[in-house]
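The data blocks that follow each hold one structure.
Both of the next two complexes hold chain A, though its partner changes from chain B to chain C.
Right after this comes the complex of A and B.
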């Protein structure tokens, strides 16, 4: 849910430059935007299926399985956050943190992934979490329906790449998001993959406008991916975030912020401001 | 594993409390500074609105401003990192998240006239209101024809629709081919009916590919020797075998070819862009062919499944109407209710011919009913023909 102020300053520069790029070439955006919806539809389908398995484990009291499924289920939400968080109430119900609520972990409306995460890791229990499991399951189904009915706003799709990297900068580098489970690296990778997906879909249009810019984006994505790869485990998962060395945390900040800043100019570059 | 919910040591708590106080103080200072700055900006450009997030409320929490570009300076005077969002129904229009305590952030928005809600800090805080009033400029913009960029969303969504229906068609034809391969006549007939539905939903777009569409949907009359012509293939060759000859004999290669052809069709539907004027033209043309020829039952002459095809055509048309609805509501306010009325009339006519979860066989639909369907389809096609002019599609 959270984003950083860092990239905002740079957004302003892009916004203040009026763009009149609305011409026939704007129809070139139809293919990547529809391909992005196809990708999001696919991801939210996986989110629905895997959330069912995750919440079933919670309801059965199978703590080990629930803990195993928690990070791999969430990645499908994290990858599509630019669209998912357009639905304010659902985003709050599915992905809010305790500090979004006046009464913190005790708030009745602190629900969703992080509420269950709190139960599984901080309290080591699923008892009393059956209702939250059902609620989460219903909410991702509602999200799937809302996404199916949504005509994706082009500027939100293109702006989504920056939004994801801002999310990384604000919540993953600090490790605040998955504070009980420390499974932040799954989300981290997923945010990066989601941003890279958008860049890849719009690559022909970006290259046409600014080849050097496209190359710089690729280079920074590669740097971030290489650091994350160091923490991959044999089973295809990730180490917990507390294992990430200080030097690597610092090494991530540079390319992450540069990506967030660069990507915040994408809307302007593609004539969507 | 460390447990983050343990109580922090007292010294740390004191330090945190101290820094919170400092942050609040800084927030106050910032607030003051930003007020001064905002007064200056107001004198120059106008339109920057300062909103302060307090722990349990926002100030102001009810805003009224003119349509157009607006800047909101959001000052976080609470003690937590919070967000501020402008909502249109359930959808976020603009937002800023993770505003640090004591800091402020600027949100730029280009707002259309209307009533919006505002979220303010903690989720339990009361929501505010934002009323955006029309201006001469926004009125003029509303009356003006939409720009090319306004069609990116609808055209993208239509391509997603073609992908979904194309995928359903490929899968349905695969299943139909398997039933034919197995020689299961009853199952093959049922699956023929099922496969026609996604085809008829995307038929308006498929008809752009003349040759490929002929391979999939040509009737026997297009061939010199009609049903006996070896070149007669596609859906209707299968229909002829399954419903007129009551057999799956010899149909396997035809089904196999149809599998390949619908896979190519799906790929082509995704590969070939549709310009805005074509989006409307193709559905209008599809309805005109219904009104001019297909109403007589020629398309599904062996199976008499015409009505479910017409209903699927209408669904495909309804998709396009819904995608253009926001643009029509703005720029063609008189035309839109006419379109809706015509669409409902045809939908009602078809619904009246339903039998359970299927439709009446078309050979049981009398001449008068058929002519009424044709007339309703023509009326809808005619109103759709008005969209081009109303939205200025050809001039884009």
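Right after this comes the complex of A and C.
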């Protein structure tokens, strides 16, 4: 099932012209891409296991357990979003938000995590959500299978670091992701961790090209992590997003946007299309 | 791409340029038009308040015609789409609505002095264009939505065959309060102020009959004059790419009859002849993210070179891409925007549309990112073969990562007003009356 590193190299995304394979330096990328697939496979495995427990709680009507499992289950999706989003139908079914639908919460195709989040927090119920629970469970299983069959396009993997910071900049900073539960900080941290994972895997190549750039990335990741750490709870979770002080929200924006800018150059720096 | 000046039926010829000389004279006579106060320190204050000059304030389009104006003529710098709910209680009131609308559009497109009344009363006009209303190239194009054909006015049997309430596409995140409507007015003129003046006039004159549902303004950036021997260049959208390069030639009246205007004897009701389907989309652009995207990817996504607007296999904006030579998409990606939108096959000729978009910029979103994008407007004789087919081909295109359609709707642009006694909407109302007695 696991593709050989060279197969990874020669199968590219539909958009990119297959030019980089000839570049000798790109052979350096085979190992980190292979390692990244292992990471994603591990995360999606946890997503499947924990989604089962979460949706079982919903189906049993155990609101307290469902609420407890909701944010910690989602983090496994948020961390691998650039890969998960390659399957746009599944992404919409699993992770679309109320504002993605003209009819809002009443839309028939508003399903997945946020649909159940609406039930748990806005309505304080699991009644009538059994179907959504089954649907979500099936969808993450399908996602796991599709990811297993996927040849990871190198430019999507490296570009994923930027894509994750774009997620943070677009939907996490404003607190619009988890609008009913306000558990945004879990997603926030998870997007950042996912981006940092990619940077860490390619760290030797980045340092070789531009040491100062690598240091700047690390510094901004550390700033974001330090601010987020202020809101960690004893149980390892996070405070709700409304608890985040205005000054801290502002202090997050600078490093987040700078990371988005800097990481947008990563593919080019590594010679990828 | 044909030479616009050679076209015998140039719609711009409908513009009457009579007032030009008078406007120039008026400016010369005004104190504000003093010759370049470059050296005088004492006139610094004047320089700040001095208004920008235009020699086009008396440009006007002819209101009467087989087709409505504001479709095949060149886009001016300022556009505004306003959707209304119609408040008329019955068909008689609906007719009054169309008649008042007709009267106001005639005046606003023609211009002229505003009547003075007793100053103890509110003035008849907002006054934002002064006591003498300038046409300033204004067109107001009237279209109706599917909801006008519900049970209220007995118009259901007369609904254009393809007119439906817009259904969201997979990448849409439609906001209910920026979608649909019973009626749209498309305002186009040289300045946003002229459009706003016209809207306020209509709102003031139809308080009991029209209710503003949503509004979106937009602009077209002015281009430097074409160099001798070179074609005009299309304006750029907020993604920095030229928009409209592949548009059919709106000076070609035969092409417009095929692509834009409903023809007699077809499947559409007779009253709808010379009308058109109008598709409107408010398409947010994620510009920060776009600006963080490598140039070659931007160009791959569009299928055009950013600087010149040329297709990937061409050198100039209006070069026609040859996809036959590139079946695997090695030069122009198979999923690039322009290749999906117009694959340049004989069959795809049936899906041509006339695009007439404006750039919009609204403010800032909750996340601190800029709320801007494209006010997409297009016209076609066949909505299904036109916009709906083209957009369906675009579903899943890589450009979607940077776009979020949030509003708009489908409308039917009414046939033109053919004489002094005619009024906008007359053919529809007459068809309904006949239907009643028949």
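As a convention for this text, the second predicted complex is superposed on the first by the 251 of 273 C-alpha atoms of A that agree within 3 Å, B and C clash if a C-alpha of one lies under 4 Å from a C-alpha of the other, contacts with A are read in each partner's own complex, and residues count from 1 in each chain.
Note that in this section a residue touches a chain if its C-beta (ideal position, glycine included) is under 8 Å from a C-beta of that chain, and two chains touch if they have at least 3 such contacts.
This structure is a prediction, so every number in the text was calculated from the model and none was measured.
Superposition of the two structures on chain A shows chain C clashing with chain B. In the superposition on chain A, contact is made by A:162 with chain C only, not with chain B. Contacts of A:133 after superposition on the shared chain: neither chain B nor chain C is touched.
Of the two partner chains placed by the overlay, only chain C lies in contact with A:261; chain B stays clear of it. Of the two partner chains, chain B is the only one touched by A:179; chain C is not.
Once the two complexes are laid over each other on the shared chain, residue contacts for A:143 go to neither chain B nor chain C.
When the two structures are aligned on the shared chain, A:44 is found in touch with neither chain B nor chain C. Contact with both chain B and chain C is seen for A:101 once the two complexes are overlaid on the shared chain.
In the superposed pair of complexes, A:201 makes contact with neither chain B nor chain C.
The partner that reaches more residues of chain A, of the two candidates chain B and chain C, is B. By the touch criterion defined above, A:88 lies against chain B and chain C together after alignment on the C-alpha atoms of chain A. Annotation: chain C segment clashing with chain B after superposition, chosen from 23-31, 59-67, 257-265 or 401-409, is 401-409.
Residue overlap on chain A between its contacts with chain B in one complex and with chain C in the other: 15, 88-89, 92, 99-103, 170-171.
Within the complex, the chain C residues that touch chain A are 168, 170, 172-176, 179, 286, 288-289, 292-294, 296-297, 300-301, 330, 333-335, 365-369, 396, 398, 400.
Against chain B, in their complex, chain A makes its touches with residues 1-5, 8, 12, 15, 22-24, 26-27, 29-31, 33-34, 37-38, 41, 85-90, 92, 96, 99-103, 105, 107, 109, 121-122, 146, 150-154, 170-171, 179-180, 182, 240, 242, 271-272. Taken in their complex, chain A has these residues touching chain C: 14-17, 88-89, 92, 99-104, 162, 166, 169-171, 173-174, 176, 253, 257, 260-261, 264, 267-268, 273.
Chain B makes touch with chain A in their complex at residues 1-5, 56, 80-83, 85, 87, 90-92, 95-100, 103, 105-106, 108, 119, 122-125, 147-149, 151-157, 159-160, 163, 273, 275, 323, 396.
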